[in-house]
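The next part holds the structures, each set out as structure tokens.
Note that chain A is present in both complexes that follow, paired respectively with chain B and with chain C.
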Partner chain A sequence: MRAKSWSDYQKDIADDRYYYARSCIRQNFFPGSEKAFLEILQRDLGKDIFDDPAHSSCTGIGYHSDVVPLETIMTVVARQFALMSEAGYENFVTSCITSFGIYTEILSTWEEFPETEERTRENLFKATGREFAKPKSLAHTSDVIFHFREEIAARAKRRLVDSMTGEPLKVVEHIGCHYAKIFPKSGIGGSEFPYVLAGMIESWGGECVDYPERRHCCGFGFRNYLVQANRGYSVANSQKKLESMAPYHPDFIVANCPGCSMFLDKWQYTIAEMNGRTYGANGYGIPVLTYEEMAGLVLGYDPWELGMQMHQVNVEPLLDRLGVEYDPSTKYLGRNGKFIGKPASAVVNCPSQEFIYDIKL
Partner chain B sequence: MERVIVIGGGVAGMKAALDLRRRGFEVTLLEKSRHLGGKVRKWHCLFPTFTSAAEVLGGLKAEVADSDIEVRLEAEVVSFDNRSVTLASGEKLACGAVVLATGFTLFDARVKEEYGYGIYDNVITSADLEEMFRNGRVALRNGERPRRVAFLHCVGSRDEKVCQRHCSKVCCVTGVKQAIEVKKLFPEADVFNFYMDIRMFGPGYEEMYREAQLSHNIHFVRGRISEASPTIDGRLQIKAEDTLTGRPLKMSVDMLVLLVGMRSNDDNVHLAEQAGVPLAPNGFFAPKDMFAGNVCSPRKGVFYAGAITAPKSIGEVLNEGSAVADAVTEYLS
Partner chain C sequence: MAAINWGFAISRPRVIDVDHNNLRKSDEILLEMPELQSCIGCGACTASCTAGNLTQFNFRKVHTLVRRGEYQGAYEEMNKCMLCGKCRLLCPRGINTRGVVMLIKRKLGDF
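On to the complex of A and B.
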């Protein structure tokens, strides 16, 4: 049945020629991931993907926070589509789950209420003089990685297994709510048993952990987080998930949403500070990866090139289990070897880090 | 006397056929499967008296066997009107009137993916549980006795998300009946029923609901379960909101029973279209009127009996078998 659910919820993903829309927040939280996505597609897979500097935020956060009206966001989305058409592309790929939900919702609204599409065309033309064509296909970047998971497996430098024992690593996959919970047909595997990350994990040798709160929201929720007084809800939801997965001893978490990746990672520090509860082996936290980071490690990318030094929970114990070779001394060196600063050690980080990795520069 | 063709060999069809034959009509009873009895063949005992389904069905089948009703099994109908019925084999049967008694389809619980039916071992439907009762063995997949069982009402009923807005009527009392049966088998087990309303519409139903609480200590929680997930020890975690206390609720159970609703048959659309009779918005056949003509279609010579027009209890279905015989007699005389 689970396999049937996965096969029932398939969607067409283009094979090549993508127009890429970046995420607003990922570039701050996981800056290496979007770059890795482009490199994987362009360098490893030889695909044509256009990273357009002219596109803007989809304004999804403003929309979900009630500061951007529906007509405005529809016009902004229409502008993105116009840019795609002008660049000669038809396959729209977005890096952010919120944006993916926004694009899906707006395309569906235009389908159900054609008058809103007409009004949007008028608004866009009045504001910018542009016209747009709707994309031939709309995909989230995790869909694209899923689409090429076997090609990536064929080029893999390592698999998601313990390098010492050969045992598959236990991986918690977490899907952003706006990926398929709004429109189940928009996600691979649907909303209850999504397969988009599970498929990658399986293809690359890991083992998915099915735990009671697997489907629970990470707690990001715009109103939970943006309204400071509500942030306790956000922490509480992340804690609920972390408590639920802890008995399964996962090696890492992988998520396909910018908010989920960040909060499942950073709230581990907050929870440790709040009540002393830590997760993961020896209480050093459970690393949280993006799917591009996971793919990048499989393909042999340098973890610091992937931006994994930006994580709250240290990834070194995971890298050691995977047998990834890395240079501790370059962890905090950015482009051109420039020192990017080093965070103070936090209670959730492995205490031995100072001893093992604190190489004086 | 003219021939009357009854389409559907469940309890409604059998009862209609018997009563029509008693009135002197030549009757042909068509059943698409290999057996008479319809869904009732799969039930163990019937609410509210715990009467054996086999006993009720056995009586009807024996009467049909003793009569000279022409029974055709594996006879699938592709079209009909008030003067003839055409079978999938191409054979066309002439008649004076047609009684449509093709019943209903059980809601496919897999559609409610969040409950994990077909994925998690011990998520079963009320129909599966009836089968377990009939086989004389109720157990978890690993053979163990359940220590905690949850029943969830309204699975595929009163649910806009799955396009089943109607109430299936009999699931509430079925849930109470099955909960009592489970409690009798496993007195030490905790049994919970999660409901949004308890609709005890028939004689003796409310009393049974009360007995379930007072005599069997079955717990009733007003709130629908939102999802089921596996736990590390092989049980099922369920989440709900207890809407009487206004608090979220989470518990682990060994078995989750989904009380699946009654939905209209997929082929109703085709049959209605070709016969020129209307369907109700819920996909069941719409009778001529809801009062004096509830076994009649708007088309002369086409009649309905049983759950073809709406979810009904077995007692009601049997009454309609008799009612339709009266209506057909009046029409043909």
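On to the complex of A and C.
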């Protein structure tokens, strides 16, 4: 089954010249990750990737919340493709799993119902005077990192192993639902055996944790979260996953979806406040990384430049295990040494941070 | 620290977690009435039930839940049974369904 899925569910990922579309959520909660992706591709791998300031949100959140109609989102997506064509690129790379699902869904709809594509072309031309060409290849940023995983491994400054014992770190990989559960053919390994993050972990020396709820949703789901009264359902899903992975003592979680990274991280605080249950070694929580942060650490980036101070669960225990050198006093110093503010201490975080990070206050 | 008003609570799952349920009473019931294990869940008992015709009583549902360790409210439900025995006539496996009702009531009286 696995072997068959593996040969069936492959996709072509372009080697160079990408048009980059950012994510709404990630720019707020993981601002360093998108920057890290651009730096890894441009500086480390020498690829051509265009970060266009003119592109907009894909409006996927509005679409999934029944606020934005289908015709509108199709026109917005068509505008992104028009911007890509105008910039002279053909390979669309999106940073968000929701957007990736949206683009895949709309391209598929245009394929199945060509009249919707015609109407979208008409709407776009009326609204903006633009015309678009469909991308030659569509990939998620995790696909691109997966594509270059061996190149990254060759340039690695460190591997995902315990620096003291040399044992591989136990990593929980979590794939966003909209990556391959909607269109299994659009993801590497399909929805049953997605390999996109597992491949990176294996190439960089880590060990994947196979736990019962591995393919369970993190609970984000726009409708579940947007209405406050429904959030109990959302947090219950994350709790189910965290309870299921806890006996395997994972060192960290890596997710390729903005919502999953955010919720698996921040719900740990909520669960700790609500019922006192904490996870991870010594109850300090399980750090949740994005794949760019994981790649950045492997390539020797500074964790604070990767934006790892924005996490709810402190990453220092993980950095110590990996043997990453970091300056605790600069954790909350942003660009140009400007103090960016320090969060109040929380139940899930290391108690020592109170002492360490007051140094420069 | 003041308690946080979240405006929501963690939803309890509706799945039956057989791994974590206490199956001691269920095992005792099956030990005394092993024929209950041969139930195929056809629902003839519930379809023919006099009490079920007048109330929400569902014999198949209650004894299935009890076997999975979900005892809450089982005694009160079984109290609705009139012990008429029509279900026993219909059961394709010949299970002593009246006996099951009495056994569950005896075992789960304090739940």
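Assume the second predicted complex is superposed on the first by the 351 of 361 C-alpha atoms of A that agree within 3 Å, B and C clash if a C-alpha of one lies under 4 Å from a C-alpha of the other, contacts with A are read in each partner's own complex, and residues count from 1 in each chain.
Throughout what follows, contacts are C-beta pairs under 8 Å (C-beta built on N, C-alpha and C of every residue); 3 or more make two chains touch, one makes a residue touch a chain.
All values reported here derive from a predicted model rather than from experimental measurement.
Novice: Considering only touches as defined above, state whether A:Pro247 meets chain B (first), chain C (second), both or neither.
Specialist: In the superposed model, A:Pro247 contacts chain B only, not chain C.
Novice: Figure out whether A:Gln239 sits in contact with chain B (first) or chain C (second), or with both, or with neither.
Specialist: Once the two structures are laid over each other on A, A:Gln239 reaches chain C alone.
Novice: For A:Lys342, using the defined touch cut-off, is the partner it touches chain B, chain C, both, or neither? Pick first, second, both or neither.
Specialist: neither
Novice: Thinking of the overlay built on chain A, is A:Phe193 touched by chain B (first), by chain C (second), by both, or by neither?
Specialist: After superposing on A, A:Phe193 lies in contact with chain B but is clear of chain C.
Novice: Between chain B (first) and chain C (second), which does A:Arg215 come into contact with in this model arrangement: first, second, both, or neither?
Specialist: A:Arg215 contacts chain B only, not chain C.
Novice: Which residues would you name on chain A as touching chain B in one complex and chain C in the other?
Specialist: none
Novice: Which of the residues in chain A end up touching chain B in this complex?
Specialist: Within the complex, chain A touches chain B at residues 1-2, 4-5, 190-193, 210-215, 247-248.
Novice: What part of chain C is in contact with chain A in the complex they form?
Specialist: 4, 6-13
Novice: Which part of chain B faces chain A closely enough to touch in the complex?
Specialist: Chain B residues touching chain A: 110, 113-114, 116-119, 227, 229-232, 237.
Novice: Can you list the chain A residues touching chain C in their complex?
Specialist: Within the complex, chain A touches chain C at residues 228-233, 235-236, 239-240, 270-271, 273-275.
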